[in-house]
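Order as written gives the chain letters A, B, C and D; numbering starts at 1 within each chain.
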Amino acid sequence: MINKFVRSMAEAMNGIKDNSTVLLAGFGDVGTPNALLDGLIEQGATNLTIVANAGGRARSPDHPARGLPRLIELGRVKKLICSFVRAQSIAGEAVRDGRMEVEVVPQGTLAERIRAAGAGVPAFFTPTGADTLVAEGREAREYDGRTCILERALPGDVALVEAWMADRWGNLTYRDSGRNFNPVMAMAGKLTIVQTHHVCDLGHLPANEIVTPGIFVDRVLHVEAGDPKLPE
Amino acid sequence: MNETAHAFRPLGRAGMAARAAQDIPEGWYVNLGIGIPSLIADHVPADREVVFHSENGILGMGPAPEKHRENPWLINASTQRVSLRTGGSYVHHADSFGIVRGGHLDLCVLGGFQVAENGDLANWAQSASEAGRQIGGAMDLAVGAKRVWVTMEHTTKHGHARILKQCSYPLTAKHCVSRIYTNLAVLEVTPKGFVVIDIIPGLSFDELQARTEAVLHRA
Amino acid sequence: MINKFVRSMAEAMNGIKDNSTVLLAGFGDVGTPNALLDGLIEQGATNLTIVANAGGRARSPDHPARGLPRLIELGRVKKLICSFVRAQSIAGEAVRDGRMEVEVVPQGTLAERIRAAGAGVPAFFTPTGADTLVAEGREAREYDGRTCILERALPGDVALVEAWMADRWGNLTYRDSGRNFNPVMAMAGKLTIVQTHHVCDLGHLPANEIVTPGIFVDRVLHVEAGDPKLPE
Amino acid sequence: MNETAHAFRPLGRAGMAARAAQDIPEGWYVNLGIGIPSLIADHVPADREVVFHSENGILGMGPAPEKHRENPWLINASTQRVSLRTGGSYVHHADSFGIVRGGHLDLCVLGGFQVAENGDLANWAQSASEAGRQIGGAMDLAVGAKRVWVTMEHTTKHGHARILKQCSYPLTAKHCVSRIYTNLAVLEVTPKGFVVIDIIPGLSFDELQARTEAVLHRA
């Protein structure tokens, strides 16, 4: 019987190695696998390359850092690939102080590079970023009168995903804007680990409504994480 | 605004948003950037069906919900809670930017630091060396939408021009802006340069030109 | 009010020009917009380039040709871009007799070229077809130790799509394997025309279950087409 | 089969399919090509969960339904009516081939015209000049799946070898085949060439070699 459910965070995190590239889904706090991030912090892998939409929030005197900023603060992130990093943030400080490399990528290019990895497309041309600083070191070529640059696929050794509902085959649905990067990162992780709010019997999710088929999923952990929070 | 000594009254943020909203017809698919652009949705009458897109995979985004109807699973690209209009739907991030890059949006309205007379836009960084780099989705939107409008103050807080012959900040995209809505005027980017298509009451063309580095043309 | 419903086939077909590239969805008879194809035959546009999965069936003494084979038989198709054309078929004959050009493309490359067009990606590298006849005239490059070839996006002037359910914004769902090429072709058509089995009020389709959002759709015609047929 | 004079009995199509089915473990994601490969699913016991993929966007494809339970909206890549197992789902064609090309399938079993000792496969055309070209999804599957097995008759109807030093027909893909299930034997493609890992009862290694152009090695 195929059964992708794991029963503990330790089992979910088992085998994540130092120097891994980790795809981290979510946008703001919505669709962000916060429990898995806590698990990764606990698990100990270091020298990580993290791929995420953004570098996260500023240091706050009232709230200790959690999630990605905490992982950065602990010195576990060698490189951050994202679309957005604030100068006044834990990530921004780490970059400024030379403790972390950063590669800032236009958000659509980031999403497409991840999808390309999942879909077996090693490289593609895009008009986004042509004739800007982003184009530095990129091969450029004209298509239909527009300059386009060549971008590489961005696969992950690990993808951390948050779902709304999952079954034992790893079929997933998402809730509202909690979809965001989750389905694309699920495709592109060599080891895709999911935290899900709800679990259901096989067959409960209608075939036409499954967003991520289980073929992209390796492990599923049931975490009733509660509603996403607004930024503090 | 230290403009009280003058006979004209520059638009506030809401005023700029309302002016841009006037020009968005029913049926358009529109992405609104962070800042002033995000206010535009509030000024489109509810009976004019405009479908708002948000980078995080929303089509048919509606206004901020009332407190008791908030959906924590529904935020916009600025991570503010929003609502979904009847008919709205969700796509994943790659498809969301497929919508953007594929030319499916009729319009994107972005904030700007600088716009040049050839339509070049700078809106993500003020120098090449910034540690914090906030590209986000702006480059994709600038190259992908059928039309790109910019809403911004006509000059910087210190009175420096933002509407220029050439941008001095790092570019977001070349030749992308077709129109600018400022607190003083509405400018169209044309092959001959900027054409003034609207100007606030009490401000003369010459006074507007004095606040603009690029040469302005009358409509 | 946004209303993409059209009330007649004539309105659905209005403005399709000679020399258009037409993306024709469906796989076998499932998800194939047969009514729109009949409409296109009636409408008269010619010198068409048709993009479809396959060239269709052989001539039968018992059944007059319909759909794509009929359009080919009428001499209206200048070029067929597909993954599959049988020698013993109306399409195969037209190719052999020099009445129609053909470009045979691996099925996955075909689907990805169409998606790329819809997603604003002008070209991409793929390992499929490298070191085969398909690679002739293609730029080749090695990625991760594998030879890959450069493929161009394949946009349509028109896309013909079959949906299961549609609302007035043009939001679509599909039924079972009737999904196939439909969502990708809907993305890639400059003018996307849909025939739908069922129509519903706006808001009837749950937001999380819409497969093709209306932004990709221009016109929707209600056609209760009945169940797909097996090949004769 | 003009083999009745011999002491061995070549496998039929079902026998070849059953032999390949033996080697597919629970939990694999598998695509079965047209022809003999498509019969393999019938030989995987129902309690061994193997998830079958079909190019037209099906994951979890089940066997042909009983007459009264047919779903006209559910066909496989050979346009035959099939069923969906509990847990099955649908994706669109680009995502379906994303699954293929992206290396997500554990196995693809294809039919073949010729296989060479370096793993090259020819299964789509017998000459470069054919008007009918039936590529379909074979090239994508051959480069994309983690493993490619081929099921085919060991020789052509006319007794010509199909297991060769080098393919003479146009290639589907290079270096892709890892195993061949024929009506006579199971061969593994290895760096040193073909290794015979199974052979039907009554047929000797030398008799098998006589029907094979490429050099065979004992396991």
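Just so we're on the same page, contacts are C-beta pairs under 8 Å (C-beta built on N, C-alpha and C of every residue); 3 or more make two chains touch, one makes a residue touch a chain.
Fair warning: this is a prediction, and the values are worked out from it, not measured in the lab.
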Labels of chains that are neighbours to subunit B and to subunit C: A
Report which of C-D and A-D is connected by more C-beta pairs in contact. C-D
Between subunit C and subunit D, tell me the centre distance in angstrom, where each centre is the average of that chain's C-alpha atoms. 29
Could you give the separation in Å between the centres of subunit A and subunit D, each centre being the mean of its C-alpha atoms? 36
Taking each chain's centre as the mean of its CA atoms, how far is subunit A from subunit C in angstrom? 33
Computed distance of Cα centres, subunit D from subunit B, in Å: 56
In subunit C, the residues touching two or more other chains are 112, 115, 119-121, 126-127, 146, 174-176, 179, 207-208
Scan subunit D for residues touching two or more other chains and write them down. 84, 90-91, 94, 97-98, 100-101, 144
Which chains are in touch, pair by pair? A-B, A-C, A-D, B-C, C-D
Once bound in the complex, which stretches of subunit C touch subunit B? 1-2, 115, 117-121, 167-169, 171, 187, 202-203, 205, 207-208, 210, 213-216
Can you check the complex and tell me which residues of subunit B touch subunit C? 26-27, 29, 49, 51, 53, 59-60, 84, 86-91, 94-95, 97-105, 144
Touching residues of subunit C toward subunit A in the complex: what are they? 112, 116, 119-127, 141, 143-144, 146, 148, 173-176, 179, 207-209
Counting only contacts in the complex, subunit C reaches subunit D at residues 27-30, 53, 83-89, 92, 95-96, 102, 104-109, 111-112, 114-115, 126-134, 146, 174-184, 211, 227-231
Within their complex, subunit D touches subunit C through residues 54-58, 71-75, 79, 81, 84, 90-94, 96-98, 100-101, 125, 128, 130-140, 143-144, 170-174
